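Which chain is which? They are A, B and C, in the order written, and residues in each are numbered from 1.
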Amino acid sequence: MSATRDPRFAPRLAGACIDFAPEASCLEIQGLSLAYGDTPALEALSLRVPRHRVTAFIGPSGCGKSTLLRALNRLHDLNEEVVREGRILLDGQDIHAPEVSVAELRRRVGMVFQAPNPFPMSIYDNVAFGLRLQGRVSKRKRDDTVEWALRSAALWHEVKDRLQASAWSLSGGQQQRLVIARTLAVGPEVLLLDEPASALDPISTLKIEELIRNLKSTLTLVLVTHNMQQAARVSDYTAFLQGGELVEYGPTDTLFTNPRLRRTENYITGRMA
Amino acid sequence: MSDASPDTSSRRRLRQARDRLATALITAGGIGVVVAVLAIGVFLALEALPLLWLPSGTETLGLSALAWGTLEAAAWSLVIAVPLSLGAAIHSAMFMSRRLRSRLKPTLELMEALPGVVIGFVAGLVMAPWVERHLGEVFALIVLLPPGLLLAAGLRACLPYRWQRWLPMGYAGLWLVPWLLLVMATALWLSPWLEVWWFGGDLRDWLEQGLGLDVAMRNALVVGVAMGFAVIPSVYALAEEALSGVPSSLAEGAQALGATRWQTLWRVMLPAASPGVLAAVMIGAGRAVGETMIVLMASGNAALMTLNPLDGLQSLAAGIAIELPEADPGGAHYRWLMLAALLLFLFTFLVNTLAELVRTGLRRRYRQLGGNA
Amino acid sequence: MIGVWHAWRGRTPRGEGPWAWLSAGSVALSLLALAALLLLLTVRGLGHFWPADVALVTLADGQQLAGVPVREVALPGDGRERLYRTGNAELEDGVWAWVPVAAITEVEYPRELVRVERRRGDEMVGWLVGMTREDGRWIEGARAWTALQERLHVLQGLRETRDRLRETVILPHVSEREPGDGDTPELTRAYARLQELQAAMEGGRLILRAAGGERLVVPLEALQSARRPNAMSAIDKLADWSDAVWRFLTEGPRAANTRGGVWPAIFGTVLMVILMSVMVMPFGVLAAVYLNEVAHQGRVTRLVRIAVRNLAGVPSIVYGVFGLGVFVYGIGGTLDTWFFEERLPSPTFGTGGLLWASLTLALLTLPVVIVATEEGLARIPDQQREGALALGATRLEMLSRVVLPMATPAMLTGLILAVARAAGEVAPLMLVGVAKLAPQVPVDGHFPFLHLDRKFMHLGYHVYDVALHSGDLQAALPLAYATALLLVLVILVLNLTAIFLRHYLRVRHGMPSPR
């Protein structure tokens, strides 16, 4: 697993930068390397994700930010070609430990994808999908949870009169918020968002961003985005990845206004995009 | 919100156990089904294997006559089907209006679904007796249809442009149908004169006495026409897919250089799509070789080895259908018939695999071509 | 011709040449052939049931004959010849008569001409002279006609009662009886009743005068129906026609399959197709789910997929051979030695039957179902699967709650295509269980109700049998047309359903694309 490194780039980063431990951490990634067959995607990456904050991963296309996000949800389990080293800790427990059920992990770590992917069912059934998986819940309680989730996702007022309509009848932005509501309904602790607004129009994007800011009071959010303005607008901490490595990680304000490394600055100011 | 999820650890274990069980079941079942389906070849080979120790006698001869009949019937059906289906594919890929094309495809799919026994019935009991009595008319039809079509094109060109618009090329497949009927009627009407003119009165006598050819009522030509009819839809569908899959950039490139549509087709699209067209013909051949009921009902089931298209034949499939129920299981005749089935299986399986590989390769090529454009 | 050619060269600046037109012609020719085939089947198949007028033909030599004109052909040399179906098989020149058209001096359609359909044997044509009733009384003239209709109606009722008795009481008892047992009281009673019915049907005769003047005497119980087509109005004929179609669909065959209906064949075809669907669906879906969702997507899976796809192209007769060797002789023979030893050497499952036929066709249609289901599964975007997993669903839950429901239309399409293919297949059935004539349908009120070991009748095989193995082809041909038309209709309807379903599927699964 060796990739060619450009010697002009800064040498391997100082520990202080990577081990940056701002507050109580929720997710902790330790020396994570990942490869698709013979193609490395992530290299010895370590970082901590603080609790009840929004952390953004930015970087050029193919830098591994989406791969990293999917690793946090063990979505790579589906792909048998993927080789992994290193650990990911959720509240101090290794998510790959044999006693951890992947289904339970995914309930605790929810994920929202780039393109809205509502199931071909009614709006109500979409939100109740996860609840139904987990066994019998009284209809009353299910109704309550669905309403709560839709309210949390700021969608309730738009759909409360047509909960039985097909989820595919919603607009793209509404669909994405429905997917967020669906994820919230199972009660996750962490919410992973993979470019959640990249397929949406500006107004829908603003709504999603506002939603993200509101959700951090109860959740830990990790956001992958290629839109630096968005990262700057919504995140508390930002990690910059490039070529499968973590280049710089710090509070968003600092990273955007006063990056420590040339590579970060170049990327942020658009000199190498 | 964690109180919204009563996912206790016992339930979680249950769900996991159920999941593992289901995965194991799906795996076992899936592999089982696939193995069962693939077992056909193995079974036939095992049943035919003891033939190696049995003395081979007259059966070899019988089998070779059947194999000959199979190939002859398949060859005649391809002679009929290939020009028609490729012509139809070319027309619908290059010239036909999109609307008509979207209607034509399901129609031909329906044609593919017509059961062999019905086609065989019409061929063996309606067409064969008619052809036997009207050889001259059949000949006239074959000879006069192509010029009749060209005459339609020529007449259309003579019309004022205003009228030509009512007969667009895109719908030629439709408005030529009544014209064809007219041509056919003319050909039937002209045929007695043609027969007198070319064959001195009676085509049948001319064939039997002049060329020494036997004319059987149910013959290879009837089988060929009927089976060609059955094979046209599948060859058409695959050839059309190959032709319309050619990246449009290629055709546009050629037309931008001033090529006509036909030149574009001939110089650019057909070479690009040729593997797919070949695969289509191969799959048609596979179907023709294995078709049972048409041959059974339209061929006369005489195991002859002649080149005469007007004589009867018997194919492997028809021989199996007639003789296997009476054969003593385990006996020599039974094993020979098993060998016949094995031959059919191997032939069609290999031909289809080859065609499939060609098509996969072609699709990859199209993607690359499309990507570069 | 040359002028046309020049006009063409001149008018089209750089014409497409002759080939473009020939290719268009091949489309037209294919469509024409298809239309001609369907038209032929429809006209001949449905026309058979139309009560055609009976012509009374007077020839130049003063001879008369009455019959239904069938067709006309050109004679070698000059002139034409017309075929009349004259019926009256007991006369010397009965049933068919070829008449030179030139020799016909007059054709009339007298209203009183009667066509009588017999239960066995050919129909009769002539003038009604009179009839003796079952009690021996002689009736003549117009009253004879009404009396005849009444009596035929009564006879029909008696026959139905008799058939019901035979089917529901006698046959089950006889098949249950051990060899050597005497008749049970119930059976004795049934036999007595049967004889009573038989006796009630006997007696009475119809006397007709043929066109040539001969007198024809026929017992009333041998008759099926009598009509005067020349006196019927179009509406009467239409009613008669729909009645005949209905009877064709609901009655059993008579007279070695050359008369009567095809109900047992419809029943056998449908039952076999249902059994086949029950067997093919679970396994086909299982294999498709395994190949698409569970198996490692490597070289082996790819090869297996190609192999399965190609099995759809393997000739159906090969599947029949496999079914005969493995199911009938292999498994069936073994079952017989284990469970039905007392009946050997006459086989129970060791011969072709409903079970083996539907199993063979299930195997034959497996590739169709697998391919269609796999296509449906492949069309579902991976985001849907990831979405379900991200909510904490296990693989089973993801499959059963999201993936399979979305693939349902594809599975249905596969099933319908499989059914359409199976309904038309005849060759493998000839090896594994179809019968020329199976008087007992495989379902009855007698335990175990569904008799999987019985042979059955099939529409496609019926066409083959009637067309190739009937004694009087001219008489049987219309029936073969009608059966073929029925088979084609069933298959066309199934295929159209599949086409519409696929269209619906494309529309519904064109996921709303986020802009």
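The rule is short, and it goes like this: a contact is a pair of C-beta atoms (placed from the backbone, for glycine too) under 8 Å apart; a residue touches a chain by one contact, two chains touch by 3 or more.
In this text, all values refer to a predicted model and were calculated from it rather than measured experimentally.
Colleague: So which chain ends up in the middle if you average the CA atoms?
Modeller: Of all chains shown, the one whose C-alpha centroid lies nearest the global centroid is B.
Colleague: If you tally contacting C-beta pairs, which comes out ahead, B-C or A-B? Let me know.
Modeller: Ranking A-B and B-C by C-beta contacts puts B-C first.
Colleague: Between subunit A and subunit C, what is the separation of their C-alpha centroids in Å?
Modeller: Their C-alpha centroids are separated by 62 Å.
Colleague: Suppose each chain is reduced to the average of its Cα coordinates; what separation in Å results between subunit A and subunit B?
Modeller: Each chain's C-alpha centroid was found; their separation is 54 Å.
Colleague: What is the distance, in whole Å, between the centres of subunit B and subunit C, each centre taken as the mean of its C-alpha atoms?
Modeller: 25
Colleague: Which positions in subunit B are in touch with at least two other chains?
Modeller: In subunit B, residues 15-16, 19 touch at least two other chains, as defined above.
Colleague: Scan subunit A for residues touching two or more other chains and write them down.
Modeller: Each of 103-104, 107, 133-134, 186 in subunit A touches at least two other chains.
Colleague: List, in ascending order, every residue of subunit C touching at least 2 other chains.
Modeller: Answer for subunit C, listing residues that touch two or more other chains: 394, 397.
Colleague: State the interface residues of subunit B toward subunit A in the complex, per the touch definition above.
Modeller: Going through subunit B, the ones touching subunit A are 1-8, 11-12, 15-16, 19.
Colleague: Which part of subunit A faces subunit B closely enough to touch in the complex?
Modeller: 101, 103-104, 107, 131, 133-137, 141, 145, 148, 184-187, 218
Colleague: Where on subunit C is subunit A touching in the complex?
Modeller: By the definition above, subunit C touches subunit A via 296, 381, 383-394, 397, 401-402, 405-406, 508, 511-512, 514-515.
Colleague: Residue numbers of subunit A touching subunit C in their complex, please.
Modeller: 73, 75, 78, 80, 103-107, 110-113, 115-120, 129-130, 132-134, 168, 172, 175-176, 179, 182-183, 186, 199-201
Colleague: Could you list, by residue number, the parts of subunit C that touch subunit B in their complex?
Modeller: Answer in residue numbers: 1, 4-5, 7-8, 11-12, 14-35, 37, 40-41, 73, 283-284, 286-287, 289-291, 293-295, 304, 306-311, 313-322, 324-326, 329, 352, 363, 366-367, 370, 394-397, 399, 420-421, 423-427, 430-431, 460-461, 463-464, 467-468, 473, 477, 480, 484, 487-488, 491-492, 495-496, 499.
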